[in-house]
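Structures for review follow.
Consider the two complexes below, in which chain A is the common component and chain B and chain C are the respective partners.
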Partner chain A sequence: MMSSIMRESHIMKIHYLTALVAVGFVIIHIMVRVMQGFSDSLEFENVIANYKSIPYAVVLEAMLILISVHGFNGLRVILLELKQGNAYENAVTYGCLAAMIALIAYGSRTIIMASMGMV
Partner chain B sequence: MTKGGALPKGFERPSDSDSQEKYEEVKPSSKTITLRISKFNPEKDHTPTFLEFTVPYQRWTTVLDAILEVKSYHDHSIGVRYSCRQATCGSCGMIINGKPKLACFTKISELNSNVVTVEPMNNFPLIRDLTVGFERMISTHKRIKPYIIREDSEISSGTKEFLQTPEDVEKYIQFAGCIKCGLCNSACPTMATDSTFIGPQGLAQAYRYIADNRDQGKDERLRIIDERHGIWGCHFSGSCSQVCPKGVDPAMGIQLLRGYLLGYKK
Partner chain C sequence: MEKDRKEGIRGMANPGRYGIERVAYWLMRITGLGLLVYFIGHIYETSSLLDGKAAWNSMLELTQTTEGHIFLALVIGMCVFHTGNGIRLMIAEAGFGFGKARRPDYPYTPSSLNMKNKLCIYVSIGLAALAMMYGLGVMYDV
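What follows is the complex of A and B.
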């Protein structure tokens, strides 16, 4: 169980920290979008160009990881409060962990492929 | 105006010529309320019903007095738990007009309503009518080790009493006022959904002992509350602190406990 590997307070420290750091990265992201102009930033070529800029790709990857970790842990906490029981709690914990890893893997694949010009 | 100072309405001091040292009986009040009492026996009934009674009241009549009036003269079968009648024992917690309160500590005249509805507390298993089971609350209370933990004691040789400064006492004294009435647990939204949550009562008591500088069981208690259904389940709605009849602030205690666990409080 995740909770037996990590104390709940350690998980919550990660939860709060990922939220705070993600806010910082989201601010950078919004500022870049505002600088370019909103409608221009939605153009296909401009979207792809974002991934080809390594610093910006790093920002996107960081946002993906931070928001996934924070979001899936939040979901886990909500689901654990709705229903209790060992089997259910383990399923929720491992399910959220697996979904988080899957989302990060899929998102990272997209970022890497786009930055390497494979899209 | 009565002679010799204010007396409750309905009392009259005997005249000087009257040698008998007794007051006249309280006159029956003309004021009445409709008392709606939730009636439900889980072993027999399918759904709760409300019984309505017209009850006379005075300025000082409490909701518990009104319930006992009904129990004495209208329906003996009403299930209600009470004991001290002075907000000390914590037995008569119930939902009064939608809010968790002690029946002995709530005056009808303060409710500003002609209809007073009493129901059993939320988040507790119902025994019958207004009586709920306290097993879960007592077991979580025991779980957090509600006593001073330390190697030596005041009766060990070489030790006398463990002195505390007023500042030391100030850190925990409000939490020591808990009477285990369960109103905070009844008001807690997390308790409503999470059947294994420790609850504001247990968490506030954990803080009460951790903040006591005579205690050495901090790490032990922090381990107990630092689990899935422990302190992190609190959403900080603050309703526990709003309903406490003794002025305890469990929500604050929970935030202070989180400070220990997150490392910004030693």
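What follows is the complex of A and C.
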């Protein structure tokens, strides 16, 4: 169980903190899209230029980590509300943790390769 | 009461019986799951960048349709409601907005389910609707 690794109250503090910080980053992300003109900002060259800007790439990576942690912990909480039991709770907790790590790794691959010009 | 117990999980899940708070409970979970699915899809969508301009453009074509724009508007709405209601829940969990503890007298109205919280839920839904309209305006260059 996650609670044997970390207290549930601490996990919920992380859940709320990641939400609040992610909201700030999402606002930056949306403002960049809107300020460039929504359609223009989605042009291939503009998107690559966004990734090559190191501060923006850092924002994207931070957003990826924060939303993944928040999202998969939220999924874990919903699944634990439905059913309880040691084996089930362990499966849900470690399954969500594995999915979170996989998504962060996959998203980071895109950010790192695009920002290094490996496109 | 007897009927409540017989209904089991279905009775607990009934959004029509317990007012707007139960509706907010379900909307919070549905929007959360919807946003997680969108987020995973968004990560996959942006990874097409690595396959070059043609792959990116063909992936982008999926979202540059009327259905794609409606889907994105729904994502905006889900995001705004989830944020607004989430902030309400954080404030409530910190112990604010519940009213003072008092002796339970008939008709046993819980002080925690008060107008402040109800208003926040309605405001979150209203803001989500406004954000969806603004988002559609941006996507259609209105």
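Rule of thumb we're sticking to: the second predicted complex is superposed on the first by the 119 of 119 C-alpha atoms of A that agree within 3 Å, B and C clash if a C-alpha of one lies under 4 Å from a C-alpha of the other, contacts with A are read in each partner's own complex, and residues count from 1 in each chain.
Just so we're on the same page, a residue touches a chain if its C-beta (ideal position, glycine included) is under 8 Å from a C-beta of that chain, and two chains touch if they have at least 3 such contacts.
The structure displayed is predicted, hence computed values, not measured ones.
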| item | value |
| --- | --- |
| Contacts of A:38 with chain B and chain C, given as first, second, both or neither | second |
| Touching partner for A:67 - first (chain B), second (chain C), both, neither | second |
| Which of chain B and chain C A:80 touches, first, second, both or neither | first |
| First, second, both or neither for A:9, with chain B first and chain C second | first |
| Chain B versus chain C as contact partner of A:106, first or second or both or neither | second |
| Chain B or chain C, by number of chain A residues touched | C |
| Chain B versus chain C as contact partner of A:94, first or second or both or neither | neither |
| Shared chain A surface residues [contacts with chain B and with chain C] | 12, 16 |
| Residues of chain A touching chain B in the complex | 3, 7-9, 12-13, 16, 77, 80-82, 84, 89 |
| Contact footprint of chain C on chain A as seen in their complex | 12, 16, 19-20, 23, 26, 34, 38-39, 42, 44, 47-48, 51, 64, 67-68, 71-72, 74-75, 78, 103, 106-107, 109-110, 113-114, 118-119 |
| In the complex with chain A, residue positions of chain B that touch it | 190, 193-197, 226-230, 232-233, 261-263 |
| Contact set on chain C toward chain A in their complex | 29, 32-33, 35-36, 39-40, 43-44, 46-47, 49-50, 52-53, 56-57, 60, 79, 83, 86, 90, 93, 138-139, 141 |
